[in-house]
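Below you'll find the structures, each written out as structure tokens.
You will see chain A twice below: alongside chain B first, and alongside chain C after that.
Take a look at the complex of A and B:
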């Protein structure tokens, strides 16, 4: 099936075995659980770095919080980089617990550990940047500057991020002192956004967007080209900031479900499951087994239709509509299945705290299972067709190569990272829900070009379909929502939890902080936020007419980035 | 100028103007069927033209007279070129009409003004389209010269009218090498009308476009004229291929019945060709921009091969 010589493909079937080989500093590791191991590891690490035993707070959901003093923090950061920790998120909380100022949470993961490490740093109005050590911190720091007004004094990039020039100076919406409401926009901003300047003979700029020819969301792409080859690309997003994080503040957890659903249209289930999991962990709700199965089925259905959109989009963008049609038809059929199962094509209003809102009958599930058999055979013949078209392979192969060395520093996740030779997948590395017991198959390619992304996404569609069939075959009966949910939510204790899911585009991270029964801070970081920066690198030395194809092969969410 | 030529001018131009949008629709229809869609009605292109003509023209404040003149000029140039390619009957034309070299220059004038027009409004996409068109023209123009030279060499004349008079008289192609030239002519149709795999006429992606990029700034009546020019160009190029390869039905004497037969046959053959173009487009993805010269080289190769065969045969 694979006609490209440059791409070596192999399947890694996951199980408990692949999660077992850590480098553990202790010799009694064999019997310990992953989280005990992670505690031990981080204790040893901190003793090494700071010279004393750290205060480690066990989080509610596979995470550790390690509060650090400023001095400890500054010595820790380079050490973490040396140990190849990956910075997966950085966010700020005002008045965290009894603190009068700001707390920065630096969330790290390390290969081999299912638990993530959250280092806490207490800051006032000014602090220092870590973007030179962890490049992915750059956008987070700019985001925090806009949201909270905290200056990262030694940052190399201090430009605005999500608040464009039309927002007045000194406006920081995530401060607790700011109450949601209308603000006065600046009509003619004095300063223009400083794009990176490239000068020289034959270099010229192509500004594209934010308004595009098709019906897509707004984004500005500033190309610097020499002839057709792209020399530099800068992407500016955040044209439709909705204030999702601020909207959630002060609401009770159930009222936030529609907000989580609205983060990104085709990641509805992923984001809602992540949000609900975080709240359930805080309130101690154990969701019933059947609900866990149903959530996984819906998550995988979402992955299928999302990938189908990407696959058909890629073929459309090389001007090959006849080859696109089978994918579009199959995608539509999945939407109809969604509607049949949940009364909503995008599966809105299904996930609820404590489980799922709508029961899906055994009969409906077996119909789905039956349909998936037809789906798989039609899908296989469509991808086979695509693979045997030489003109298609010619356009896909070697186009838009994403280098493997960028993946970790920029925390690029999802199928695009798996197409570039890394195997990270939240479902394996930090298993949640039913994935702990029934892991999906994992497909990895190494070339990192458009063809690899096409193949990985196509393989993931099939993997998801077979996983759904497996889940339907073994789904238990029983309740779909935990009985104690209502009581537990109305008596929710103060607390916070981090939850991660593997959405179609990669790792989505939600952090919820509940105080006095209401959401005090809700931080969302979708995979797109990190992955957008991958495009800036993948297009270099490609030609301008290939950009739409490269962009489509990533297919990132504008809304999911601009909360 | 004789009466027969005057009548030819009116009939030939009128007929080509009338049927050109139909072939555009037909290609769309075939492509739609290949994708499993119903596609737009065959009259859609006529309706679109009517709609555009009724709309006002908006000019960019940066644009000059080029923008205002080009749509009219290009249509006039193409209508003049259409006189070189008889489809209704072959008249006694005055000297110069039908000359291959003049024909090539007429196409070059059209291309030149289209490229200028793309630059005129000062938008980045127009400039990009013009620069792409011009750099690729450097490859396609010699190819066209060679292809037409081969045609002239095989039929021993540089005048289209005389060529078609020779081919129309025969029931099988005059020379087997004409089949080879037809491949070149087919590629020239694809290239000159900006079709897949060269350019995507249905594209919504401003960054990949070539021909469409240059007319992005056009609107209303001017856009209608440009669309019509494009359709006429396609019909003329199709007519050359048809008259060379399958000339049956083209009459050399002016009679009412002969005229009707000519028109009917042309309509039929051109529809088949349009269907073929639609199928060809559906079977292949758009090529990488820098791969295109190798596609043009195929036309060059077949033309050069024809000349070699004619010389040494």
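Take a look at the complex of A and C:
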């Protein structure tokens, strides 16, 4: 139980050390505990720049909200970028806390600190872009423009994002004035999406998608190629935009769980845990210890089967079926374990507000533990086989390198970032649930190529298996759902909370705002949303035939991005 | 010079795969007989995602994996709709995908069949009433069989394909 304290203090000291002789001044009372250094560091920056102390509102889940005037915002943001703060999300809320207009939330974190903070910026119909300072803001701003009709007047990219040509101009679904329902789509739209134009001798385009050759999700890839190497790649997504955020509005929090499950089928547990945690924080529900353990076991099982799919997919994409088969067999076995434990191969309908819905007996857990022993030895021999194949290593090594310097500006997270030399992992950096007490092992590679991603994912499968065994060995008995849940949810106070979970693909961020007992705004940002931009960079100078392999080594969710 | 026959008669290098699912095998062999008769030994399927949550895709691709391996029953997943007899559509049809769904269907040669896989594809599922979806696949294409489930398991999908093959025998003889 001490490990959490050690982890936190270790991270904090490492963080402050790297910032030279930075002293902790006595600032606001809200920032009294040592785990909120990122917020304090930023407010001190602000005091230096603007000369006055900002107001700080403490959130419910170790997050802080800082309302700013336009001038304070504009002067502080470039300083944050210089100090390597990471913009992890940006979203808009209409009529936040009786405000007549829009509030933009810019969420930041800093490496080495467990707290995150939001700059709140009040805007009307127009505002300015920060995409030149924080490149990751580009997609968010386009998303806000589509959803709310707010123009970022000086943005360098003003194209629509999730509303494609079928949607009429001037339609903004997330405005409160729009009541969800059928709209009149534009038939045979004349306008084509303006892709980035690349011209010159020997440059040609390869358009791919949205319907691809394999059994995968839809998306459009526009390659500009000179000879064989890729000169530029532009990815256009959001073909699967289903209106998830709007769908959640006005619903009871419990009715939103199936919506959270549908964000991305293979991140069912991660997204429902994140959503439920946010609602539990708002309503003040403490979930029982056993439920915390069970959630972590399911989260890790999800990571295992997701990574197994990636590993087999990478080998399939170099045309090596014999090597793929063991991974596919093992993955099917994990799906069957999922079904055995939860009655659902994708573990749907298991997580609930206040804990978990289905009890998993001690006997079932020990069977899982027993199976994992066989699994681990078979998995190890399969990966060992893969490593002894020179043709596999030849295709994987130095292919699709993701440069480390892109990771902070684009907020790239998850195993693909850990394969490129960063150590960020929500389970360590913003620990939640049982990870506070029982942290997983961490595997980091530095090369950033397909091989590193293969190795990191393979190592994470084993780390997860050993963590599950550890959890099963120490799981306490007792209730699986907090007794007060029903009462707390039916009397849920107005409020908002942010929660983050390390899904198989990286950092998933959920922000829930409840008013009058109903969801007023539900913002989801999965790791894939940010990580897609990493692919556009990683494929450059690689040959087109390596694209499927590189894409698979990232294996991002289209559904989780398109929402 | 090695006698090539030794390759045939020497012990097999692949390991024995210890797996048997009598229900699947029975279904598969029945299906195979039907596919042989109705579709001339080969049923070509094109999968199309019109807005699913991606778990249905995973289950469909599992059908082609080593456990289920439905190619041995004469069913194959093809890359182009021009080669396909059946379009397997997953997910509620989004506004952004509607045009691509139609174009894919139009690219298929007749006679052609459409199967909706998963609750959302059957009737719009949880997305009913959302501005971003048209509804189930039948809002835009003529659907022959619906396979409900969230997502349906590989075996349920296979059963759905089986009932399509049974049904299409009649519709094919009509035309």
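As a working rule, the second predicted complex is superposed on the first by the 520 of 563 C-alpha atoms of A that agree within 3 Å, B and C clash if a C-alpha of one lies under 4 Å from a C-alpha of the other, contacts with A are read in each partner's own complex, and residues count from 1 in each chain.
As a convention for this text, contacts are C-beta pairs under 8 Å (C-beta built on N, C-alpha and C of every residue); 3 or more make two chains touch, one makes a residue touch a chain.
Computed from a prediction, not measured in an experiment: that's the story for all the values here.
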Partner chain(s) touched by A:558 [first = chain B, second = chain C, both, neither]: second
Partner chain(s) touched by A:310 [first = chain B, second = chain C, both, neither]: neither
Most chain A residues touched (candidates chain B, chain C): C
Contacts of A:429 with chain B and chain C, given as first, second, both or neither: neither
Partner chain(s) touched by A:211 [first = chain B, second = chain C, both, neither]: second
Touching partner for A:544 - first (chain B), second (chain C), both, neither: first
Chain B versus chain C as contact partner of A:266, first or second or both or neither: second
Partner chain in contact with A:320 - chain B first, chain C second, else both or neither: first
Partner chain(s) touched by A:245 [first = chain B, second = chain C, both, neither]: neither
Chain B versus chain C as contact partner of A:329, first or second or both or neither: both
Residues on chain A lying within both footprints (that of chain B and that of chain C): 213-214, 325, 329
Touch list for chain C against partner chain A, complex: 17, 47-62, 64-67, 77, 79-81, 91-92, 94-100, 104, 120, 126-127, 129-133, 150-151, 153
In the complex, chain A residues that touch chain C: 162, 164, 166-167, 173, 178, 180-183, 185, 210-211, 213-218, 238-243, 246-247, 258-259, 261-266, 268, 309, 325, 328-329, 332, 335, 345-346, 348, 557-560, 562
Chain B residues within the chain A interface of the complex: 31, 34-37, 124, 128, 132, 196-197, 200, 202-208, 282-291
Interfacial residue positions of chain A with respect to chain B in the complex: 205-208, 212-214, 228, 315, 317-325, 329, 389, 391-392, 394-395, 543-548
